[in-house]
Structures are given as structure tokens and as C-alpha cells.
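Shared chain: subunit A. Partners: subunit B in the first complex, subunit C in the second.
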Partner chain A sequence: MKNAAVASLLVIFAIPLLIAVAELPPFGDPDAPIHTHISARYIEQGVEEAGAENLVTGVLLNYRGFDTFGEVTVIFTALAAALAVLLTSGGVQYFQEDRPPAPPKGADESERPPTPVSPVVLFVVRLLAPFIGIFAAFVILHGHVTPGGGFQGGAILGAMFIVLTIVLGAGKVRPRLPEPLARWLQGAAPLSFVLIGALGVAFTGFYLGFPPEHSLHLVRELMMVVLEIGIGVGGAAIFARIFLAMEAD
Partner chain B sequence: MIEWPHWMAIVVLAPLSGAVLTPIVSLRDRRIAPWFALATMTVTSVAALFLIMRVAQEGPFSYPLGAWTPPYGIELRFDEFSAAISVVCLVGSLAILCSVRYTEWLRELAKPRIPYYYALMLLNLGGMIGFMITGDLFNLFVFLEILSLSGYALVAVSGERTAEMAAFKYLLMGAISSLLVLFSVGIIFGITGSLNMVDVTTRLASVAADATMPAVLALGALTIGFMVKAAIFPVHVWLPDAHAIAPSPISAVLSGLVVKVGIIGMLRVYQIYYGSGILDLTVLNQVLLWLGAISIVMGAFFAIFQDDIKLMLAYSTISNIGYIVMGLGLSTNLSVIGGAVHVFNHALIKATLFLAAGAFIYRTGYRTLTDLRGIGRAMPLTSIALSIGAVSIVGIPPTAGFLCKWYIALGAFEADQPMFGFALIFGALFIFIYYIRMVNAFYFQEPIHKEVLRVEEAPLTMLGPILLLAALCLIMGILGRIPLTFIEPAALRMLAPLGG
Partner chain C sequence: MISYEGIINAIVVVLVGFGAFFFLVGTIGLVRLPDFYSRTHAATKCDTLGAGSILLALAVFNGLEPSSVKMIALAALVLLSSPTSGHALARAAHRTGLDYWRLDKE
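Coming up: the complex of A and B.
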């Protein structure tokens, strides 16, 4: 009965959605407004104007850079939200010293010692880690030319850190990053946007502007690379911190 | 100074970058965090002040980010409705000041969380400011995400089990509403090829004239999405728990400011759809009118039966948002002006009430009217502030609540819908009943707990903001015409295509 009610409710909501979506311009129609209005200029002049051979990066960092600033702030918000809800009084030292006490007897499942990591996994992860790191650096630094960029590279870098933590244990990786540095890195993405954006005021008269003159294209490229590094490193630091906070929970 | 264009960028960048810096500066000593956040909000308030002075002088103006001419880049656009950022700055700063003592006292809030509490607060305020000044639909969604995400976390921050449940309920409803908003932004982009609000308005009329069904769907999904954020009946169910359980300074921000984001969002949608003239909005207005009226009566009705003071205030928020939505639905000049100004006034009033209630909880540890009996004798100043807030929320002249409700009621009679005018008065009567209950408990009933009589007055960092807000409730009642005349051009411009 309940299922039937839910199903009929879904159908009732789906009908207007389907009718309206059917009236949208056909997919791939070259005359659709999405292809003729703004994106037409992005495609025709984007490489020249925005200074990135990868058009997606051109839109992401230049035409609509402010949205990207918002998105990296959303990622930082996720970190602040996770830490505001998960941090305990042990604080940041939790990982090294205040390991939670062993569970009381009776919980026979968790009493067993953890399964040791297989030497094969250990070897492969340690072997691959430098390659993953180099690949992440490539994706970040080359993002304005080929597909990729800070978000993707940051995800790879963060994944590398998480895999290493799982296999080697938190204690081995974590102490290498002092807390002040870690906090600066976690804020790297929004802060790099603020700095580069302020530089844009000097070049174009408006926040987040990139110099359009051809003579300054190296400056423009450098600004984009700094942003990409900020997004990548900041993203990776935030992924890793959220992972550690959840692991401690 | 007023003409300097970059205030526009600073007013949103200051709180957001301040939020990122808060955990860094308070690494050594977490007690720095609130003062750093307050300094950030001071910079933001100065920028907001200049922007509002400029819009009063020359009307709406825009700031092209990255120097791209709209619609190719993102445009920030400041109009009279954006002036709501003034109350975001004011209430936000005062809530931060109240948090100084409150967060240290709140036992469930583990101390290392405190810098992130302020970071989330700044993110929330910055997100709201960005939402109110952007002129781009996708950018609107990005800021909606910043402020929603920080809002969910701020409800859960106290770490109680019930708080987590309330935050999760809020998150589920909020995620659906964000999804609806994003979906409609996509549809609007699909039929117009543009995201800039001004550009979309003109292109809806020309390019999308034959695609009315998608336009209707986008309008519907946007309205429902923003209705969830504004907590209008029947999608209000997340609000009472979330607003009552959050720490009191957070309740003031959530109830006074964050629900208004839904209203500002609806105003933006109206600006686009009225301006394009592509659809006849009579049906939508009728729906909003009814839902607003139901919210007024239902919110006030449930408020009467609450013993928990914060739960009572949370229900009264639903009722007051009902007034604003009814003002929009009536779509006459007077009612829209009244509704838009109530966005401002209700924020002041509700912040007074929640911060005063928070001061009681801070001093006594009790939160129900029964337990708090006799508190009026122990904490006279806070109680007076709370009473002023209560008088304002009923709408008794000469307080801040009166003029806007009067305008909405006049609008109802002007639109020849006197029934809704009576619904409004009926709701005010209900509110009056729970106001009487509150005053009765605080001043006239015999206290149940003797120690309630021995508590001290609230500390200065709480008492100062509470008294300031209470004074503003009175001042805005006496100077009530200023915001009404200020907002008038925007309302007239929005409704102009109706010939109204």
C-alpha cells in the first residue's frame, strides 16, 4: 500500500517533468540557444581571449572564475563542517597519542587483532605512490592545455594520501605535516583565488580579471597555473583531512 | 569613496576569505577566533554601507567580474533588494559577539571545534551576501550551496544526538531544494543559452517564446526550491527542530536571516518572469497567497502550544515568513513593499528574541516557559528586550513589525482580497496570545525554581547586542517609512509590466 502510494506520487511528479523536458531543444541541435548565444563566443574566441588552450579551463578560470572561487569555498565549507561536527576534545593530537582505548571484553568481533596488510599490497602501493604523485602534478600543471586541472589532480593527490594512510597507518604519514602548514594548505584554494583575483584588479581594473593583451600571455598563463596549483593542493589537503577526521571518529 | 567599484567584490570576499583564515589565526589561541571574525564582519559592514549609500543615490549598478561584459562573464548586481545585506552584517556581527561566551559555556561543543564554528558562521554570512548581490543564475546556486552547507553543519555543531537528527532532516530537505534550483537553472540555460539574469529576462521573451512548458517547469521548480529554504507550509517541517536545537546565536542567524534567502530567491525569480512577460503568474500568486495564509495561521497556532521558548520562536518564524510570501502573492505595490521590508524588520525582531532567549538559557540552563517563571525579576534588561521583541512581532505600533504588516494588509484590501487581510489579523491575534503567555510567565507567575530568581543579568557581550537590537526594533518602528520608501523603486520596477 505504502509502496503504491510512493510509486503513484513519483509518476505524478514525473509527468510534468517529462512533458517539459520533451519541449527542450533537441539534444545536439546546432541551432539550439545553448550553442548560438554565449558558448558561440567561448568557442570562437575563447583560446585567444581567455588564454587557455583547454576551453573548459578557459571558462572555469577566466570567464566564470568567480563560480570556481565559490566551488572551492564549498569544498572548504565541507571541511569546516566535517571538523565542526567530528572534532573531539583530544583535538589534532588525537592521531598520535590519544588512540581510543581497546574495546571492552564481550565485543568479540572487534577484540580480534586487525588483519595485517598483505606484503603484496604494501609493496605495490609503495611502488605506485610516486607515480600517482607525478601523474597528479601533471594533471594539475597541464590543466590549461589538456583535459584535467586542479580539481582532478587534487582528487588524485588526495586519493594517493588516503591509500597510503590505509596501508601504512595514520601515524606514519600524518606527523610529517605540521599543523600550521596543514591549515594553510587546507585554505590554499580560496586564498589563491583572492590573491590572483586582486592581481586582476591591477591588470584589468576588475576582480579576477586576466590581462587580455598578447604581450602579457605568459603572465596570464602563470596566473592560471598558480590557481590550478592552489585548487589541486588545497583540494588534496582537504580530502585527506576529512578522511583522517572520519577515520578517528 | 562611495563610487569606488571594488566594494562590491570586498563585501563578499571579506567574509569568505575571513572564514578560511579563521582556523589559521586561531591555531595558537582559539579565543582569537571570535574577534577575528568580528573584525572581518566590520570590514564587510563598511563595504555594505557604501554600497547601500550608492544604490540610494543612483539606483541599481553592476560589477563585471574579470572585466567581461555581461552576459559573457559573471556580473554582480546591486539593487534595492540587495540592501538586505545590511541586516545580514548587523545580525551576523551581533550573533558572533554573543557567541563569545555562549560557545565557551556550551559543554557539548568540544573546544577544538570553536574556530570552525566561527569559520562556518562567516561562510554562512558570506554566502548570503553573495546570494543577495549576484546577477547570475548559476552563481546564485553556488552561493546557495555555501550558505546551505554551512547552515546544516551549524545546526549539528552542538553535538547532541537530537541536534544531529535535526540537522540531517534539514540536510535532506535542503538537498532536494538545492537540486530543484540547479535543475531549473539548467532548464533556463537550455532554453535561453544564458545565465545572466538581465540577459535571461530579455531572451525569455524573444528566444524562448515557443518553449513555454520548460519555462513553466523552471518557474515551478525554482519556487518550490526556494519555498523549502523559506520554510513555507507544507515544506516547513525541517524548521522547528533545526532552529530550536541549534545554539541560540545560530538560531538567530538561521531564523532571522537564512530563511530570508528563500524570499530573496523568489524575488529574483519574479524579477525575471515578470520582466520577460512570458507567463501569466496569476495562478502562482494565488498559490502563494493561500500557502502564505495557511503558514501564518498554522505557525501562530502551533506556537501557542509550545512550552519550549525556542520552539515557540521557531514556529513564529514560519508564521512571519507566511506574511512575506502573502505580500508577494498579492502582487500589489503596497504588499510587495511591505513584504520586502518585513524581510529586514523580521530579522531584527527575531534576532532580538532568539538572543534574549539564549541569554536566559545561558544563565539558568532552563528553556521552557514553565521553568523560566519569574525570570523577569532576575534579568530585567533582557526581559524588557524580549518583551519589546514580542510586541514588535505582534505588530503593535509603534514597533518595527507594525508598518510592514499594515502595508501587506492594505495590499490585501487593495487587491480586493479582504479575506486574506483578515487571515493576517487573525494570525496577529494568535501571536498576541502567546506573547501574553510569555509576559505572564516572566513577570507574574510564581517561580518553580527558586534559583531562577538569583541569576545575574546577562554578560555584557550578550546584553549589549540584545539591547541594541531591541532599541532598533523601536527605532525602526518610528522611522519605519525610510526602508519603505527606499525599497519602493525596486518593487515598482518589478511589478511595472503588470501595469500596476
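Coming up: the complex of A and C.
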């Protein structure tokens, strides 16, 4: 009975959605509105209007800033959901400081007696980790000029954190990211959007409005860089937190 | 008459040929070799020597430019990371007791 109700509800919601999808212009149709108005406007005036030489960043942060705001909030919510599942399924003692140390280290975690991590891997990871960090910062900060940006750079930064956790062990990495600081960093992306949105109100009267005047060019770029850093750091902190929670399981 | 460009092109051809050869051999090895260890051994050659020398060839072909430095940095990264991952894979397999192929086991 309950299943039948759910199924009929799904069908009722699905029918109008399917009709709406059928009404969309065919994919790749040159006469679709997106190709006649929107793309042309972005390509012709995007650099001047949005203030980012990289069109993708201009669209992402300026034209569709609200969309990206929602996106980073979704990522933050995903963290909350993942932690809710991981921590309630047996790992509540995770927050206690006195949990037994010595998690299995190295590439061979399934091994019964924990084996020491390979010196080759240890050396190479220690050698490369700073370069990975520099590259992540480069990708984040160059997002409005070259391909890249907060999401990509954040992924690289999170990967650096994960590889360090695997090789050095969570016991050495976790103190570098103390819990009170990590909580703020995990919310960095939505927080930076709120901050820049409020700045936009101060400058233009619109939430997330970037000042269009040419004289405020530097302010506009600075706002974008702050957004990129927020997205990157927030994304990396969220990756790291989910990984640490899974590792603790 | 040997020109500067001729020498550069010759170096590039040699390096690209070297890289392509190792990619070919590594791919054949990946498909044809009998067990995990030897396949890892073959696959690591592709990245290290194949990609490394092709990237070097691109840098030589490009000449003295900032992007050449990036290519050399990429080659160095590949040279470091690919053997390490191969080593980590083989070590993990060995530690978990994966048996290796022998002639008399057939």
C-alpha cells in the first residue's frame, strides 16, 4: 500500500517533468536560445562585463554567482550528510582524543600486522607534497585568468591531504588541522560567498553584485580571488574531513 | 649541409621514437605477460620512459620558452611518481601474499 502510494506519487511528478524535457530544444540545435542570445553575449562582452579573462570563471562567479553559491552550499551539505552517516554507523568514539592510536598505515592496509610504510613512497611523497600544494595554490589563484579555479585547485589540495594521510598516517596529519579551525575551513566556501555577497550589496546594491565600473577593476578581481580561495580551501577541507572520517572507520 | 633546425628535428625524432617504442612494448607487455608483477613492471615502463621521453622531445621541439620548462617539470614529475606507484602496488601485492608466476607452475 505504501509502496503503491510512493510509486504513484513518483509517476505523477515524473509526467510533467518528461513533458517539459520533450519541449526543450534538441541538443546542439543552432537555433536554440542559448546559442542565439546567451553564448554570443558571454563571448562578446563577458571579459569586459564579468571581469575575468577566463570566461568559465566569469560565468561561474559573476553571471551565475547564485548558482555557484547554491553549489558550494550543496557540497557543504554533502559533508554534513556524509558525516551523519559515517559517525552514526559505529564511529561516535571518533571525537574522543583517547581512542587507540596506530591505524594501519601504508599502501597495504588490509594486512593483519601493520607493516611499516615503504621508504620509497615516504620519500617521494614528502618530496612532492610541497609542490602539489604550490600547484594547488597556483590553480586556485589563477582561476580568473587561465583554466582552473577554486573547484579544481581545491581537489588538488584535498588530494595532497589524502596522500599525506595515507602515507604518514592520520595521527601525524590530524593535529595540523585542529578541529576548531577545520570547522571554519569546511564552511569557507559558503562563508566567502556570503561575505562577497554583502560586499556586492555595499558596492552595487545587489547581493553578489560585482561593481561594473572600470575604475573598480581591481576590487572586482579581488572579490573573485576571495571567492576562489574560499571555494578551494572549503572544498579541500571537506574532502579531507570526509576522508579522515572514513579512515577512522 | 646540416642546419640547426635539422639537428633539433633529429633529436626530436629520436626521442619520440624512443618513447613510442616503450609505449608499444609496455602495452604489449601489459596484455601478454602472465602475472600481476610482470604486468606492473611493463606498465610502469610506459609512463616513465615513454611519456618522459615524449615530453622531453616536446620541450626540445618547443625551444627555449616558458612552456618548455613546464614540460620538463612534467617529465620530472612522471619520472618520480610512476615508479613510486608501481613500487607501492607491487609491494602491497607482495605483502598480501600474492603468488608470482613460475615456469613449473603451468
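One rule holds for everything that comes next: the second predicted complex is superposed on the first by the 193 of 249 C-alpha atoms of A that agree within 3 Å, B and C clash if a C-alpha of one lies under 4 Å from a C-alpha of the other, contacts with A are read in each partner's own complex, and residues count from 1 in each chain.
Going forward, a residue touches a chain if its C-beta (ideal position, glycine included) is under 8 Å from a C-beta of that chain, and two chains touch if they have at least 3 such contacts.
These figures come from a predicted structure and were not determined experimentally.
In the superposed model, A:S118 lies in contact with subunit C only, and not with subunit B. Once the two complexes are laid over each other on the shared chain, residue contacts for A:D31 go to neither subunit B nor subunit C. Judged by the touch definition given at the top, the superposed model places A:L127 against subunit C, while subunit B stays out of reach.
Of the two partners subunit B and subunit C, it is B that touches the larger number of subunit A residues. Once the two complexes are overlaid on the shared chain, A:G187 sits against subunit B while remaining clear of subunit C. If you check the complex, the residues on subunit A that touch subunit B are 16-17, 19-25, 32-39, 41-42, 62-67, 70-71, 73-74, 76-78, 80-81, 83-85, 87-89, 91-92, 179-180, 183-184, 186-187, 190-191, 194, 197, 200-201, 204-210, 212.
The residues of subunit B lying in touch with subunit A in their complex are 5-6, 9, 13, 16-17, 19-21, 23-24, 27, 63-68, 71-74, 110-113, 116-117, 119-120, 123, 126, 130, 136, 138-139, 142-143, 145-146, 149-150, 152-154, 156-157, 159, 164, 187, 189-195, 203, 207-208, 211-214, 216-217, 220.
Per the touch definition, subunit C reaches subunit A in the complex via residues 77, 80-81, 84, 87-89, 91-92, 95-96. Within the complex formed with subunit C, the residues of subunit A that make contact are 106-108, 110-111, 115, 118, 120-121, 124-125, 127-128, 131.
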